[in-house]
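Lettered A, B, C and D in written order, each chain numbered from 1.
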Amino acid sequence: MPHRAPGALSKGPANHLSGRPIRYYRPRGSADVRQLIEDGFQAFNAARLGEACRVFSDKMLLPEHDTTIGLTVAGALTPAGLGGCMVELMERGLVDFLISTGANLYHDLHYALNFTLHRGSPFVDDVELYEDGVIRIYDVLFPATVLLETDAYIREFLVRWGVSAPVSTAELHYALGRDLLEQKPGCEEYSVVAAAAEYGVPIYTSSPGDSSIGMNVAFHELMNDSSLMVDPSKDVNEICAFILAGKKNGCVILGGGSPKNFYLQGQPTLWEVYGIPKGGNDYFIQFTTDSVVWGGLSGATPAEAVSWGKVNPGVLPDTVVAYCDSTIAFPLFCEYVVGSQHGRRRRKALMHQRDECVLALKREARVTHAAGTVVAPVEAGPDGTSGGKQHR
Amino acid sequence: MPHRAPGALSKGPANHLSGRPIRYYRPRGSADVRQLIEDGFQAFNAARLGEACRVFSDKMLLPEHDTTIGLTVAGALTPAGLGGCMVELMERGLVDFLISTGANLYHDLHYALNFTLHRGSPFVDDVELYEDGVIRIYDVLFPATVLLETDAYIREFLVRWGVSAPVSTAELHYALGRDLLEQKPGCEEYSVVAAAAEYGVPIYTSSPGDSSIGMNVAFHELMNDSSLMVDPSKDVNEICAFILAGKKNGCVILGGGSPKNFYLQGQPTLWEVYGIPKGGNDYFIQFTTDSVVWGGLSGATPAEAVSWGKVNPGVLPDTVVAYCDSTIAFPLFCEYVVGSQHGRRRRKALMHQRDECVLALKREARVTHAAGTVVAPVEAGPDGTSGGKQHR
Amino acid sequence: MPHRAPGALSKGPANHLSGRPIRYYRPRGSADVRQLIEDGFQAFNAARLGEACRVFSDKMLLPEHDTTIGLTVAGALTPAGLGGCMVELMERGLVDFLISTGANLYHDLHYALNFTLHRGSPFVDDVELYEDGVIRIYDVLFPATVLLETDAYIREFLVRWGVSAPVSTAELHYALGRDLLEQKPGCEEYSVVAAAAEYGVPIYTSSPGDSSIGMNVAFHELMNDSSLMVDPSKDVNEICAFILAGKKNGCVILGGGSPKNFYLQGQPTLWEVYGIPKGGNDYFIQFTTDSVVWGGLSGATPAEAVSWGKVNPGVLPDTVVAYCDSTIAFPLFCEYVVGSQHGRRRRKALMHQRDECVLALKREARVTHAAGTVVAPVEAGPDGTSGGKQHR
Amino acid sequence: MPHRAPGALSKGPANHLSGRPIRYYRPRGSADVRQLIEDGFQAFNAARLGEACRVFSDKMLLPEHDTTIGLTVAGALTPAGLGGCMVELMERGLVDFLISTGANLYHDLHYALNFTLHRGSPFVDDVELYEDGVIRIYDVLFPATVLLETDAYIREFLVRWGVSAPVSTAELHYALGRDLLEQKPGCEEYSVVAAAAEYGVPIYTSSPGDSSIGMNVAFHELMNDSSLMVDPSKDVNEICAFILAGKKNGCVILGGGSPKNFYLQGQPTLWEVYGIPKGGNDYFIQFTTDSVVWGGLSGATPAEAVSWGKVNPGVLPDTVVAYCDSTIAFPLFCEYVVGSQHGRRRRKALMHQRDECVLALKREARVTHAAGTVVAPVEAGPDGTSGGKQHR
């Protein structure tokens, strides 16, 4: 069995795909769930989850704070059906921009295109799946044809779009979302990418080549001689500009990984690179199962982030890390938030304010650089920390 | 304390920086360590670590296999001093290309530029560190000036380099490495980026905007009106092309995260997007503390990867996941490998074969597409899995 | 600060104890929570949690199965206020016996005795807490006097009880519960130990010396020259006897640890030691954050348990491990279960059937031993696995 | 397949048992390993492992400290072949008493009795193993007959020993060790239980019924009408007495679980129950993969233990938790320690000082109680924390 022969999915994969279809669940603001969280979640991670709900509902959403809220998404959340929670938050104006792994956006397209992913088991024979042409994401199962047809859609969209220049990922995803809205009217109800386009929520991805979307963009460049390309610098500058423009800034981090880091580096970019003294995050909520003791950068705690200027040192009480699988924590969090007093805000529609924000960033950076407040490279000082020959 | 005022590092951070300097440790092939692994590591993760050593030494390095070996790097490994292990493997021809988080490459520059990072404790007061201008990566401590001066070096290099066009990350890192070799002769002994340039090992990063290198490239674009940009599609195509050219393919994955995914998507890109029936990985070694039960895509096991065609179904015995902090596992692994029979190979110097390999990929993709073997988007079939209106 | 001077709790700990009091939350069978679990928990651990709910409600509680259900409890669950879930399950006849760490039973006494534990933060200064006489269990805080007075109550109870002979832990906890019911009428509403006594649910502890209850029993023996002692053999035989008597057997395992192992060894004891061919568990539900890859015995999966005869090989579909903090998973599980069709059963009151069951065990063991079906120690066979001199 | 028919192991399990036999590895004090730890383990858990080595070698073993050292053992370490490390430490006088799960002692008997456990894989079919009569502990495999014959040996020993009274687990394990030394001369080289008896190191188990040793003691009571029983109170008092007698106290904790808790409750028992103001631990070393964020009591950090008086607040710098699988960390630690300056001490042989130590404990407790320094149960104070009616 030297390789998968694409398209040669001879045997019926039907038996692996008998589980219930996965549907995007939309949170409804249940009072029962709210009460369980308030009265039954009293200690350990249950209490942290409750704190996260309250920090978001009672502080981040407070109208006078006008917090600019980023949501970062890692882990296979759209395959698990959690895209509905994201759609609900965007529709209600409760998140202002997204940073996601490419995979979550790619798999969201399956829903938009009306393909079906199925509930399944993680304890299946992968060699058998391989032979039957069934793809597995932990316990989510679907035919390999879903990949092939979604890929074909992306390549057709790229041709249809016709842009042949560098773009930010927000532009790419926005164009994709507009195309989906056109091809599949109504799909903003069950597609994150389409809903984001509808509501003007920019979606970034920190690793643009690292998903089937990026793979098809690469195909487009190599085989169609297109000059369409993602320019990550645009993403860096747009996110920095949003943070600079925010009255207060806060985030909800699902998982961690490079989306988390991409968001959190916004503040250090401002002071470290642009020389602009904007403070760190005011609010910080994370749901993760990583553990700081294993030392991954993406597992860094709000406390460690303080030393980098990523989190305002005065706000540690408004930072919460709840250690729980996002598939459990995020729907509970959304039920609480959606049912809370400020559970709907005017949408910021940052998608349409990118140029203006970046111009403001450039203007302010010009001022600080002209004023010479940026640290220039210095010669080795007596403490030996400023370069020199002391190494080895 | 509204924000960090860059450069205003008034109070002496000296007391936090009294720990031993971190130096790049170079593995030596100790026979004692080998014996401990063979005879003392008999079960559980110790046994997996031993298996990883044997799969690499006895199979991947076997001359007749001529395995193309990728090393992916996530987690703060250069700050922890593990860059010396990578330098040793590259110098000996034991890894052919790297995919790393940007952070590991950025922090490697500190070593190249002779700044000093210190051993410390994770139990320190971050607000105090912040006030003293000391940066913390878990238990690694160094002055914030190290960041500022490394950033200034990067911006100067970008001006010096003068390229104003899209490049792959391999080109960017190679140019950076050549510059380091020129500015700090001999630094290939204690810099991964410099050593890679010296030995022709291409280094990719899956999230090019997600590190201080990317942040300074973004500054260069915005403030210097440069058209230098990273084109992730080039990275995707170069890695695909290496895998296609490989007689056998194998990987060593440190941590996981987007570097892992970026490497592993090479095979699916070939069959799913380019329609080229190249099989999956022949060898797969991972050191991680992630757990598959938490479901992160980057935590996917070799078994799950089989269903995606990322790992050859016949080679599961040659796949090993050892659950252990890389800071412990990787030096042990390198001691074993360096001291093994085939502990030195002719270097492939893939850095200088990128264009040729990508051309071969393009040629082969043209053939399969002309032959019509790629799956075209199909209409909804009776099983409802090929799109349609059945959603909701 | 050489030691804690007992009783010398000078400074007011008031400021650490300003958090909301922790109350035992009683699940109510919310339809909203049920719907969230059914429709929103579709993949990964959310799906496993849903499966656990359905295995318990639809199979274990099916009247014709008459499953004997053990609940094992590890982790600080009563301090976290989860005792109310256990009380609810016992009152409804949904669990038939408990195996708990001693700590959970000891801390339950605080509730019975009307002391107050407070919600708090895990990020507090422990040296300050120590000086202020405040005890911390992760984020649960209470005065050290609560320990001292609970201890004094236990020692008084032991004197009042007057038993001076070996007992099983079930007898000890039952007597303690009866005493509580007498001293604090109505406390069965907010005490696991009291409720268990009221409803005839025996509570075992696998490590009888390993808690403040055991510490005070040890004091009683040393200082009062009592012959009261826990005889662990009685516990082993009583649990074996319950399992032997069960029509079907199933368990809900919170955490893992020695309570889990103590329960699961019941089946091996029957076949391996007593020579009685009773099969393994029919149902197995576990909520844990342990991971099998770290190899703890208490982290063993249902699959591994099959090789030991602890789990019936045919029933793996009825085994579920959901990886989630019990403080989140258990209340959700109980809401679902309490609201399900068979959410109330006739209580088995096994506390009062212990002697009868143990006699039946003894009788059946006599029969198998008389029949000579137990394996006698054999001489070394040719495969060298039956003892001999081949070692080293 | 309703149950395992004991003894009916028809099909040859040979194919599962082809892996290398597991042998007890004895650390040798390798200078190479020491250097790797000193120079290569610079940050994250590698650094913690190095710190643990130095705290043990340079502080705990310092002759003038005369530290009483407890080793607690959880996780399947003897099956993994790590018993050799324990034997080496006992022989050199480097640990003074052990607290272990019963399972580790039970499986140690297989080595003493010359049965063979094999290296294997965790990825095997458990139903097949079950049918073939092969037992699996993660990746350690052996015939089910090994269990049956080890059990038979235990039951014969219990008859041979003839004691019919309450004993501490130290007495039980000592008698077992003496019997092994007699039955299998020389086995102290490859049996923890035998070596402990030889060197006078008492071994305790926190959950005496929770292993096959306890299961056979239970059989002995039920079927042979013996009055032999483990009295956990004796264990509690003996360990308290050792700690009270220690000039300095320190521990090495492998894993966590109830053995850890059993050791650490020694200090609280002294002040909380006996009213003796002996301070907490002076040194604390733990190798674990648990994470404090999941909140298990056994995952409590040294910091949290301070609030309980389990760890001296002044000594937090001498407490180290290294997050690593014991199968990797413990052999490395032992290589370092065995090769260190004070790598051999006069053995304390505490096994033979138990009565004397317990008498001293009783004497001192009498004094404090006579002096009335123990806190008596007090009436509810105005802060509502001392009992009363405020609950609900």
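FYI, contacts are C-beta pairs under 8 Å (C-beta built on N, C-alpha and C of every residue); 3 or more make two chains touch, one makes a residue touch a chain.
For clarity, every value in this text was computed on a predicted model and none was experimentally measured.
A.B. asks: Does A-D or A-B have more contacting C-beta pairs?
C.D. replies: Answer by contact count: A-B.
A.B. asks: If you average the Cα atoms per chain, which one ends up farthest from chain A?
C.D. replies: D
A.B. asks: Just how far, in Å, is the C-alpha centre of chain D from the one of chain A?
C.D. replies: Computed value for the inter-centroid distance: 46 Å.
A.B. asks: Please report how many Å separate the Cα centroid of chain A from that of chain C, as a whole number.
C.D. replies: Taking the average C-alpha coordinate of chain A and of chain C, the gap between them is 40 Å.
A.B. asks: Which integer distance in Å separates the CA centroid of chain A from that of chain B?
C.D. replies: That pair's centroid distance is 22 Å.
A.B. asks: Spell out, as numbers or ranges, the residues of chain A touching 2 or more other chains.
C.D. replies: 23, 43-45, 76, 80, 138, 289, 291-292, 294-295, 323, 325, 327
A.B. asks: Considering the complex alone, what residue numbers of chain A touch chain C?
C.D. replies: 20, 22-23, 25, 27, 30-33, 36, 39-47, 49, 76, 79-81, 119, 123, 138-140, 289, 316, 323-325, 327-329, 331-332, 335
A.B. asks: Please give the residue numbers of chain D that touch chain A in the complex, ascending.
C.D. replies: 43-45, 291-295, 321, 323
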